[in-house]
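Step one of this worksheet: look at the structure below.
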Amino acid sequence: MNTLTTIPINHYLIFCSMLFSIGVIGVLIKRNALVILMSVELMINSVNLLLAAFSAYSNDPAGQIFVFFIMVVAAAEVAIGLAIFVLIYKTTHSIDIDVLNKLKW
Amino acid sequence: MTILIALVPLLPLLGFIILGLGYRGIPKRVAAILGPGTILISFILSLIVLFNFRLSPFAFRFFDWISLGPVSIPFEFLIDSLSILMMLIITGVGFVIHVYSIGYMSHDKGFNRFFAYMNLFIFFMLILVMSANYAVMFIGWEGVGLCSYLLIGFWFKNQQFNNAAKKAFIMNRIGDLGFLLGMFLIFTTFKSFGYQVVFEQAKTMSAGSGTMVAITMLLFIGAVGKSAQIPLYTWLPDAMAGPTPVSALIHAATMVTAGVYMVARSGVLYVLAPVTMEVMGITALATMLMTAAIAIFQNDIKKVLAYSTISQLGYMFLALSVGAFTGAMFHLMTHAFFKALLFLGAGSVIHALEGEQDIRKMGGLKNALPKTYWTFLVGTLAIAGLPPLSGFFSKDEILGNVFGSSLPLWVVAVGVSMMTAFYMFRLLFLTFAGKNRGSDPQSLKIHESPSVMTIPLIILAVLAFFGGFLNIPEIMGGSGMLKEFLAPVFADAVRLNQLQPHHVAARLEWSNMVVVLLLVLLMAYVAYRKTVNRDPGTASRNVLIRLIENKFYVDEVYDYLFVRPALRISDALQKFIEERFIDRIVNGTGTLVVRFSNGIRYLQSGHVGMYLFFMIIGILLILFINIFL
Amino acid sequence: MFTSYIFYFLSILALYSAVMMLLSKKPIHSVLYLTLTFFAIGGHYILLNAQFLAIVHIIVYAGAIMVLFLFTVMLLNLNKDEQSPKPIWVKASAIIAGVMLGMVLIGVLRGYDLHVMQQPEGSQIGLVKELGIVLYRDYMLPFEVSSILFLTAMVGAVLLGKKEQI
Amino acid sequence: MNSIISLSVLGVLVLFLGILKKKTWLLPLILVGLLASLVMSVLHWNMNRSLFHNMLIIDNSGVAFSSVLIFSTFLIFMFAAQYYRKVVRPLDDIYAIMIFALVGAVLMSYFGNLIMLFIGIETLSIALYVLAGSHKEAITSNEATLKYFLLGSFLSGFLLFGIALIYGSSGSFDLYAIHSYVAEHAGAGLPPMFKAGLFLLIIGLLFKIAIAPFHFWAPDVYEGTPTLLTAFMATVVKTASVFAMYRFFSITFFGIHGVWEMTIAVLAAITIVIGNLTGLYQPNLKRMLAYSSISHSGYMMLAMVAFSGRTANALLFYSISYSIATIAAFAILILVREAMGNDYFGSFNGIAKKNRIEAFTLAVAMLSLTGIPPLAGFIGKYFLFAAAIEQGWLWLVIVAIAGSAVSVGYYFKPIIAMYFREDNGIVLQVGRPFRISILFLTILTILLGFLPFLLSGLI
Amino acid sequence: MLTFTLIFLPLLAATGLFFVKEEKWARNLAFAMALVEFGISIAALVQYFLYCHCHLLFRLDWLASYGISLKFGIDGLSMLMVLLTTFLVPIIIYTTFGQKINRPASFYSLIFLMQAGLMGVFTAFDGMVFYIFWELALIPAYFIAAFWGGKDRIRITFKFFAYTFSGSLLMLVAIIFLYFRTPLPHSFDHIWLYASNLKPDEQIWVFLAFFIAFAIKVPIFPFHTWQPDTYVTAPYPGSMLLGGLMSKMGLFGMIRWMIPITFSVLNTTNGLFIILPVTGIVYASLIAIRQDDLKRLIAYSSIAHLGLVAAGIMVLNAQAMQGAMIQMISHGINIVGLFIIIQYIEARTKTTSISELGGIAIKAPRLAAFFMIILLGSIALPLTNGFVGEFLILLGMFKYNMVFAAVAGLTIIFSALYMLWMYQRVMLGNTNAVTEQVSDLSWKEMIPLIAIVIMVLWIGIFPGMFMKMAENGVGQVIGIIR
């Protein structure tokens, strides 16, 4: 397992960027709040991987610690997010983001 | 002495203050004493001054009026023969007219107010002539304008009269602006407003320089306004709206001659600006001719006299323009006498006819109003220039000088003299001779004025008769008293005058006199033939006469050229510039912001998707610009 | 060589399932694809010798979060097609924007050259022991503070979820 | 540090009290606890040390900032009783979450490590997602929380990406380490990866501050959120984020400017324009205050753009003046809304007649926000403008004053309504503590205007 | 200390009055306070003349680290303006006696707040403090006009506020900008600001910022459109404050700040900026001729008169500037007098429309007399206050440029034209249904007018004392220009 010598870090960077962009595209094109949240999770995961890669290649544990914290936070965020979706579903029977647009202008 | 001189203007002021503050509280009798009384004392004081006067000018200051670094304007009087002459005329004639007014205004509600204004007028007029510098003169200059305004509009219930008053004030103000600018130019040139300083320095300046011309022209504009010359004369006929004593005092004897006084006072400056002198001569000539012509066809007794006044003022300016300063002052004085007399006489007629002013409805008043008739006759003869009345001497002095200066001018002047004789006799005959053309009930009540009015008439008649003897020309064996008296004042001006009139041979002068006299008598006869026992309303009318009858349509032309455009411009400015341009820009900016705001708020569409999109675009731009550019 | 094959395999798997997550119409499919992506990322962690992260990742994401998602989908009965997908131009421009973002990021990161460790072989930082020491020595405070965060999330979720009205 | 602990304990205590159903104890406990925390926070003055391996850096600016945050929260809690007086249940959860949010905010003003920043932001954000939706039966509240959550979590992804890139290039999360990296590379120009990370991080913060084009959430969320919590959002959250940004810049870019200045200047200008212009057309006070808060974010960025030794103080002063005026405005809004049922300007018509103190408070608040001397808002603006002009950002200042001029248009709407329009005859129901609080805010606004030196030389 | 009291007392009065409930008390207290303030200003005058050239300085550190200190002082310029303010405020308060005022306590409180602002503006020797008081004076003015105003007041007064506030913001930028160009250590002190070192193009911008701010306040054509509406809609005391005092703030600001700092712009632009006020004189006069509303007519006349003053200030010579100072005082007194008279007329006839009036002089000769005297003052008849100022301004302008002086001099014709016409249509002629029942002034009503007439004549006949103050103040400014 000599990943660090065989795979240049650039590969990880590019991979993560692509993953991140796919997440962004997902956020932009989807109307279902749940899927949007999933796309956000994808973005965060790409960041996690990026941090882990940096951490591993520079032999510094801090990055991986950060990933750990991100996971913690992400879990909390998802919990809240899902609670919000459930709440909204109760009132509007939909989690389509475009249904709710009373507040504008 | 100082106190005496200070009292001369202060007494009328005191009179004004008491009458003004007391207004309704003071009984008429007190006002009748207080009003003329203060003037009488002033007159006596002036006489005392005269008798103590030793021909050397005498200046003294009371306090600093405006004083700022280089600009120092003391409230200062200058007493010399010229100002003493004017003081005497003002207080003397003023007193007489005040006395007359007691009778004339006796039935008027505004009796006290009238005397208050009259006293104020005397105060300002005295300031005007006594001042030692242009700025203080300007106080009087504007002050008399104010009093003129107040008195023309004395019967302020009548908006016609008010219009006349306003017109007088505005036209005067136009002249005043010229005067003011002239003053400024004097100050920037000579660093002072004081006569003595200015004249001392002016003497050293070369004649005909642009500055001098500008100064004198600007001052002359002031004189044109005040003394009702072309083009600013139209206010004076309208000013006849005021009570007749006002016309006599302000619009004949004193205020309107302020311009003449001012030019004479500034003689040193004027002789250094020949161009201005020429302009002045031409203006004077045109004014004389035009207004004399108009006077011939006027049917309002006071209007005739008003145009006559303008014409006579033209005479004075003509004299000034040839450098005959003494002549001008002399005529000013005699004119004050006989024109005041004529106005008061006219006032007596109007008083008797209870307000009727149209001479076509008069006639045959000779018997009903004997004292008025006789005094009026004296006035007419005086103004027509029959020897040995005052008008003869003063006119002769001017004509003599004009003759020596330029023959064409003389011819016109003589022509005007003839016209004067014609319209005055026409007036006289239409009013007093023949049958009464008025309605019958009117003629029943006609009665002579009370003696408080006739005595002033008689006094003035005496003055008009004998006033000329003050300055009997040398060829008639006179000593030229007035000339000598005024000589120190005009010495510099006469010495520096470039257009010195030629001295005319005595024989020629005599013959001129005779010619003029004969012509005047001829005109008197023509007037008699034309008027007596003829209905004045039926004369044939051609275009020229209609033109003159309508006063050359000058008022209409002014209305068309200045008044209406001004109003129209005012409306246009209000509507187009103010509301549609400036205010619209201001409001438009506001509206634009609001509109923009209304537009921009739709960015906030309420859709999360849109917000995400904008954010992504923002992020992209920020990254791209910062990293790749 | 072998590791690089694994790398490419995992990467392609991750990208593929990520794209499929977007393309699938039904939320439940999306959830499953995302889970697949997460597993692939977990593989990457192992590849990077970050064993602790790999384990936590699988437990937290695949185990907890994705199950939460699934529960929600079931709970809300969302397992049907999106009623009206976004208009095509919105999608197109979204994709253009996303692709541009990716290009910008790749452009930024492409030239990156990390100074490689002398002994990458001996790297033990990803192990539980190593990380534990660092976490409880240097990062003790954030560790403690995140309890506040959790507490907030907990209370918040209850607040939002419970029936009671305020 | 002590204040963080005490606040956390306070939050937990509040939850316990909720469990014990001691409703009446809640608010007094919170207020006392907040005051105690404030005291503890202030006691750190001149401590100047770093804790837990640079996780927290206690310095004077941090102390000042966190004190402001605690103080603002305290003020907001002063109005809580009135706002929730018809609610029967204990509300311990909402209060606890507010206090936890405050903990996050305080962390943001002490952080010395990006991890702490991240955790602080996320604590704050998660708490706010909940708070925004806490009025569950109101559909607007639902919408607010959904929008805030979606946009917030999306942007926190970018924030994280930025942190990752910064870590990748500088090799550390520690601010001092990053600073030494920046100082090392400042001469040759920072590598693109670091710059990208930097900007993504900044964007994450700009989102919280509501700078255009990341401001879109603000009006909608502010309007939908329960009013008391909107006040919290508009003041505590915004100032905490601005402080965090300042802290990040002041440590990592100490002595080195220019990398981010232009970007932020342009964004600030756009924000000022959009905030003020859009604010002009708003028919209700709450939404108008949202736009007002956006434009004020723009003004605060002026200080960031003109970065100097005085920036901290200018920000401090400005945020205090902004916070007290905004809180006062929201306080009156709470009253009027309670009486009239909506926040349209029409509801304010003629209330000055019967409610002099309330109208006066709102008027002073509006004037202070407009920046009329001698109120606190003017002094705050003056500091910002002066800083910007000193650094040569004249054009930005011109934009800012143009914005100020436009802002008169909406800040005067409530004043005109209250004082000059026909009376609608309402009498606001105001409790004594509430009235004392708003009076206190008004006096503070005036006092700070007259005696700005109390705060101006602090840090 | 007197200086401080002059500023602080109105503030105190404003705060105190706010809490007075009883209407009568508020009234009497306000009047008493105004008189006390007047007394203090007289004391300051005495002190000023006793120790001439001492500026009665008062200084207190405020924001020392930002170079701002509360520096106030009274020199010749300030003294004149302070006297004007303290003289007019009691008169204005007096005219409200007998009027029914909604919420009197707030009303008087605002008047005093405004007075405090004015005092600060006129005595500040520190740029930033000047600005602060400048705005402080605006707020009460706005509230007075908008709360107690007439028709369409909300829109009009808002325009007024927004317009003037925008202008002052420009000035704020200019002042701050100047601050960073002052010699080290930077300071807002006027001496430092005067010594600021500007590049030529910077000077133009600074000048423009100042000029626009002041021009809006005065107002100078074409920045005047807020003014006629505001004067019409504001209550009488408000119009008096605006016309009599607030407009002077702009002119005073020009002399105190704009001219000493950026006079070279005026030198290099060859009178470009003087064209505006001079145009305004003719423009506003022409518009005034056709106005039908008395207040609006006064408003336009005010634009014309103040345009002359502004032009006088900007020709940069001693006479014109001193004249401008005198004229500011005169205009303040006259316009307040005119507004008082219009107020009396409206109180009697319920209208200010000229075309509906007429013949009042028959019924109310005292009113007519006062009106005439004040009117004469405002059309600059010699021996009234208007003349002295206009005379000096025109003289100074004449030295600068004859054409400007000639055009500006048209004001003496135009002002007579519209004022007399107004007088004629309102006071003269015969009475009509509206004016039939007009009663004459009572003694109580005459008191303020008597005070004003005394000032009209005093300044007109013995302007020496005022000149001395103006000379002293202007002398410093001119000294800087040279």
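A, B, C, D and E label the chains in the order they appear, each numbered from 1.
By our rule, contacts are C-beta pairs under 8 Å (C-beta built on N, C-alpha and C of every residue); 3 or more make two chains touch, one makes a residue touch a chain.
Model, not experiment: these values are computed from the prediction.
Novice: Tell me which chains count as touching both chain A and chain B.
Specialist: C, D
Novice: Name the chain with the Cα centroid closest to the overall protein Cα centroid.
Specialist: Central chain: E.
Novice: What chain pair shows the greatest number of contacts?
Specialist: Comparing chain pairs, contacts are most numerous for A-C.
Novice: Which one of the chains is farthest from chain C, going by Cα centres?
Specialist: Chain centre farthest from chain C's centre: B.
Novice: CA centre of chain C versus CA centre of chain E: separation in Å?
Specialist: It comes to 71 Å between the two C-alpha centres.
Novice: Distance from the CA centroid of chain A to that of chain C, rounded to the nearest Å?
Specialist: Centre-to-centre distance between chain A and chain C: 5 Å.
Novice: How big is the gap, in whole Å, between where the Cα atoms of chain B centre and where those of chain D centre?
Specialist: 78
Novice: Taking the mean of the C-alpha atoms as each chain's centre, how many Å separate chain D from chain E?
Specialist: Distance between chain centres: 42 Å.
Novice: Taking each residue of chain C in turn, which ones touch at least two of the other chains?
Specialist: Only 86, 90, 94, 97-98, 101, 104-105, 107-109, 112, 114, 138-139, 142, 146, 149, 152-153, 156-157, 160 qualify.
Novice: In chain B, which residues are in touch with two or more of the other chains?
Specialist: 590, 601, 604, 606, 608-609, 612-613, 616-617, 619, 623, 627
Novice: If I count partner chains per residue in chain D, which residues reach a count of at least 2?
Specialist: 115, 119, 122, 126, 129-130, 133, 136-137, 145-147, 150, 154, 161, 165, 168, 192, 195-196, 219-220, 281, 409, in rising order.
Novice: Going by the touch definition at the top, which pairs of chains touch each other?
Specialist: Chain pairs that touch: A-B, A-C, A-D, B-C, B-D, B-E, C-D, D-E.
Novice: Can you list the chain B residues touching chain C in their complex?
Specialist: Touching chain C from chain B are residues 609, 613, 616-617, 619-620, 623-624, 627-628.
Novice: Going by the contact rule at the top, pick out the chain B residues touching chain D in the complex.
Specialist: Its residues touching chain D are 590, 593-594, 596-598, 600-601, 603-604, 606, 608, 610-612, 614-615, 617-619, 622-623, 625-627.
Novice: Using the touch definition from the top, list the residues of chain A that touch chain B in their complex.
Specialist: Per the stated touch rule, the residues are 24, 27-28, 31, 97-98, 101-105.
Novice: Help me check something: in the complex, which residues belonging to chain D touch chain A?
Specialist: 114-115, 118-119, 122, 126, 129-130, 133, 136-137, 139-140, 142-147, 149-150, 153-154, 156-157, 160-161, 163-165, 167-168, 171-173, 219-221, 223-224, 281
Novice: Residues of chain D touching chain C in their complex?
Specialist: 4, 8, 11-12, 15, 51-53, 55-56, 87, 89, 91, 93-94, 96-97, 100-101, 103-104, 107, 113, 115-116, 119, 122-123, 126-127, 129-130, 133-137, 145, 161, 165, 168-169, 191-193, 195-196
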